[in-house]
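Input: structures, listed below.
Two complexes follow with chain A in common, the first pairing it with chain B and the second with chain C.
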Partner chain A sequence: MFSGFMVNTWTVATIVAVVAGVVGFFVVLRGSAFVADALPTGAFAGAAGASLIGVNTLVGLGVFSLAGALGIGWLGRRGRHDVATALTLVLMLGLGALFLSFSVEYAPEIYSLLFGEVLGISVNEVAPVAALGAVCVVAIMVMFRPLMLASVMPELGEARGVRSYRIEMYFLVVIALATSMALPVVGALLIFSLMIGPPAAARSVTDDPYLAMALSVVIAMGTVWAAIAASYASNWPVGFFVGMIGAFCYGAGRGWAAWRRTRVGHGATSTALAR
Partner chain B sequence: MSHLLRFVFEPGFFASAPVHVAVVAGGVAAIVSGILGVFTVMRGQSYAGHAFADISVTGGSGSFLIGISPIWGFAGTSVLAAGIMDMIGIRRPRGRDLATGIVRGAGLGLAALFLYWDTTHTSTTGATITILFGSMFIISTSIIPVIVAFSLVALGIAAVLYRPLLLSSVSADLAFARGIPVRLTGVLCLVAIAVSVSLSALTIGTILSTALLVGPAATALRLTSKPGLAIAWSALIGLGATWLGILLAYDSFYWPPAKHGWPVSFFVVTLVFLFYLAAQLASSRRTRSERHAPAPAPGQGG
Partner chain C sequence: MTERQPYVSSDEVLAVDGISVWLSGREILHDVRFSLRRGQFAGLIGSNGAGKTTLLRVILGLTAPTAGDVRIGGEPRARRSGGVGYVPQKIQLDPDMPLRARDLVGLGLDGHRFGIPLPSRSRRRLVEEMLRAVGAEKFGDARVGNLSGGEQQRVLIAHALISGPKLLLLDEPLANLDIRSEQEVVSLLARIAKEQQVAVLLSAHEINPLLPVMDRVVYLAAGRAASGTASEVVRTEVLSELYGHHVDVIRVHDRLLVVAGRADEPGAPVSHDDAAPVARAW
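Here is the complex of A and B:
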């Protein structure tokens, strides 16, 4: 499991987990689960297009996810946000269907792009993933405070001179970057469950933003590592384990929050009675 | 004139049996999606509508595995998903999208596993692509009556719930004050959407089911603010886009670069998107000219 060719897998998966934990914290905070879901799925079409004209898959993913992010931002400003996201997504997927019909791509290849492939990571894929990941994390750190303000209290943010539309655009671009780096590893359909499961669990455990973000990175790492180990052992698709563990994290977080609320409630009544 | 007709409808269009099936099944799916789509868009549940399409894939691939008709897998899983979403969903839209995402993630994880088993245990290599993208031209005729029956169920729920649903979509508080069971109405609406989406996902693929659910309805709601009129427009736009898409896909076989048909879903999605953009531009021009008028009308919230 830790032999030569798996080292790349562990490295890339760890980078993906860190980025998903950091970016995902804001995805959950801003309630943009649909966008975090639509961009990877739509960007998948870019990979199909790239293989059709024979360029690097990462380029196709990057172009499509950036175009998708800008499209969602532009349309979302002028109409309902969920409608804009859904329409951008289906347009990208429609193009994907067109590309796929022209290409002679082997079906398992597509399957692995959709659901992730742990063993398919080569040495020269590590550097671009690391670079893109670093860009994402630095971008989030730079705009941490305005993003936080615009997400939690947009009115106050506007009053302080934070342009929420511009922040939104930057954030969409960061999601797009995170998407195109993580997609080959976790797969188009499940990168988002890594982006929302662990952060949602972390958020229900603590209210402190820094602590929640750190916790969400830790949970995301645990999820990816467990998923890869399980996938390696059972030969089942890694996406299955990511999706299941993600949902389990969310359920556990909700359960923990509910349990703590009842306990705090009982504590309050008992102290009140003691007085 | 006949020359022009032959140019528009390439030879054999009206005689082809797959085209007949596609026109009927695609038309039914487009009308039902268009009608339920208006409620979906008004309630801001596009994400749930999209998620049902993908989750029903789980049921579809699972039913391949145990050998029952995929239609039960498709419809069953998405109704189940509607129930789970409502159970864990929070009232606020932000929490609701999160719940949708979690359910979709778990569902797709299962789909990945089922598809993996499908492709390793049997030798249906094309299953992944067919299940995900669907194809209108390979629907079997025997499935059409079932689709129509399920569609009528979905439309029946929507018709019975029409007034309470509209009121609770516009203002949940007002509906609650009038004694409408808001939560029950919401669940039933979600179930109706789930049934309709899973059927259209089965017949026309997941891409088109989302496109036809959200696109025509959003376009119609740009054109008019009257719900009844919006429903009629939405069904009409969906039907137009679908049939035009089928025609273009059929004709595209004779287009360069090769003797190779372009996918229907590409044409339908593009048409739906263009309709939305046109309505968008028209309505933003209207609001701009209204802004210059002395008494500004209250703008439609977005």
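Here is the complex of A and C:
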């Protein structure tokens, strides 16, 4: 399980988990879960298109996820964000349907784009994933405070000279990058569940934003590792395990938060004091 | 009017000079002018749609005025230059957000900077000091989204003040507060204005909670403003002219009521002397 080609799997899965934990922290904080769902799902159409015309699927992914991010940001500027996201997603999926209908031998490749190919990662996939992953993490760290301020309350950021629209665009591009990086490896559905489950669980456990982000990374790594091991042992798809474990983490986090509320309900510590 | 002494330019924190704002073909503000000095507590009074938020946004540099200019500390207002503390209206912090009161206060210091804040003793001490200054030291470690409205208000005041601005703007900070929190927030702000020599400009529907502590009133109606002390501004003649139709200012138990009336009716005439003691109550 830890030998040969599996080493690449563990490496890449760990990188993806770190990126998902870091980027996902802000996805959940900003309430952008729908965007994080729409971008990978829509970008999948780009990969389908790229393979149809014989171009590297990574190019198709990059073009579609970036175009999707910019489209969502631009349309969402004056309108409601969910509507803009849905429209962009529909547009991309429509194209995806067209590309698939032209394609002759799509079934296995499309399946792996949707659900990932964690167990078959080649050594030359490691470097691009690591590079793109590093870009995503550095991008979030550089913008950490303005992004935080704009996510807490856009007006507070504006008053300090932080332009919410630029921050929004910037963050959408980071989501697009994370998507392009992770999609060929873990699949469109998996990256989304990794971006939502662990951060959502982490924020029910702690009130400290930095700790929450670190915890989100740890939970994402734990989720991916457990899923790969379980998939290796059972031969069931990795996506299934990631989805299940992600949902379980979230449920456990909510349960923990509820338990903590009742425990300190009359005490003198933590959030209960606020009342 | 009745300035006690002529302006000393270094004392003047805010000068709003002939501001007019047109937004989508409508005049929101018309030739608004007033000034504030260090340590003054001013109420920006007006009903919904009178232009209070627009005026605050102009002072913040977020909305460009069609005419006129704003000077802060004698300098022309640069767009988005910061340097003014601001507490926005309708504060609704997400209870699911992992963010403690002290984190939010810290973001007031360096939230616009790149990178993540390095742990530093002086930063921590400053945050602690600010939490104490607004009476929030007991809930510094609590999640901000779980705090009550009055407590969130205090945390945001600390957030706005920690960078040491000379001017603090608050948009409807008393809306949705119960009477006790309302009084606490008002007296906290009055104390901060005097102790830290910050000019405070606070917008509100209601003038009465502010009367005991207010140095200046900027009364907005239909985009036009009258300013001065409460006794100068909140008078039947001044407000009638501002509203463009007759209103009566009535004093009941040290509170002022502004009532729309008809000029041809005798109504309840209020003499100048009547309004004056109220404003001097502080």
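The rule we apply is simple: the second predicted complex is superposed on the first by the 264 of 275 C-alpha atoms of A that agree within 3 Å, B and C clash if a C-alpha of one lies under 4 Å from a C-alpha of the other, contacts with A are read in each partner's own complex, and residues count from 1 in each chain.
In this text, contacts are C-beta pairs under 8 Å (C-beta built on N, C-alpha and C of every residue); 3 or more make two chains touch, one makes a residue touch a chain.
Note that the structure is predicted; figures quoted are calculated from it, not measured.
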### Task
Using the superposition on chain A described above, determine whether A:156 touches chain B (first), chain C (second), both, or neither.
second
### Task
Check whether A:67 is in contact with chain B, with chain C, with both or with neither, and answer first, second, both or neither.
neither
### Touched partner set for A:59, first chain B, second chain C, both or neither
neither
### Query
In the superposed arrangement, which partner chain does A:173 touch: chain B (first), chain C (second), both, or neither?
neither
### Message
Contact-wise, after the overlay, does A:236 reach chain B, chain C, both or neither (first, second, both, neither)?
### Response
first
### Query
Does the superposition put A:207 against chain B (first), chain C (second), both, or neither?
second
### Task
Going by the touch definition up top, name the partner, chain B or chain C, that contacts more of chain A.
B
### Message
Quick check on the superposed pair: does A:142 touch chain B, chain C, both, or neither? Answer first, second, both or neither.
### Response
second
### Task
Report, in rising order, the residues of chain A that make contact with chain B in one complex and with chain C in the other.
none
### Task
Spell out the residues on chain A that touch chain C in their complex, using ranges where they run on.
29, 141-146, 148-149, 152-153, 155-163, 202-204, 206-212, 270-271, 273-275
### Summary
So, in the complex, the side of chain B touching chain A is made of residues 41, 44-47, 49-50, 54, 88, 93-95, 97-98, 100-113, 115-116, 119, 125-126, 128-129, 132-133, 207-208, 210-211, 214-215, 218, 222, 260-263, 265-266, 268-270, 272-273, 276, 280, 284, 302
### Query
What residues on chain C touch chain A, complex-wise?
60, 62, 80-82, 84-86, 88, 91, 93, 96-100, 103-104, 107-108, 110-117, 138-139, 141-143, 146-148, 151, 156, 159-160
### Query
Inside the complex, what are the residues of chain A that reach chain B?
28, 30-34, 36-38, 75, 78-80, 82-83, 85-87, 89-91, 93-95, 97-98, 100-102, 107-108, 110-111, 114-116, 187, 189-190, 192-193, 196-197, 200, 236-237, 239-244, 246-247, 250, 254
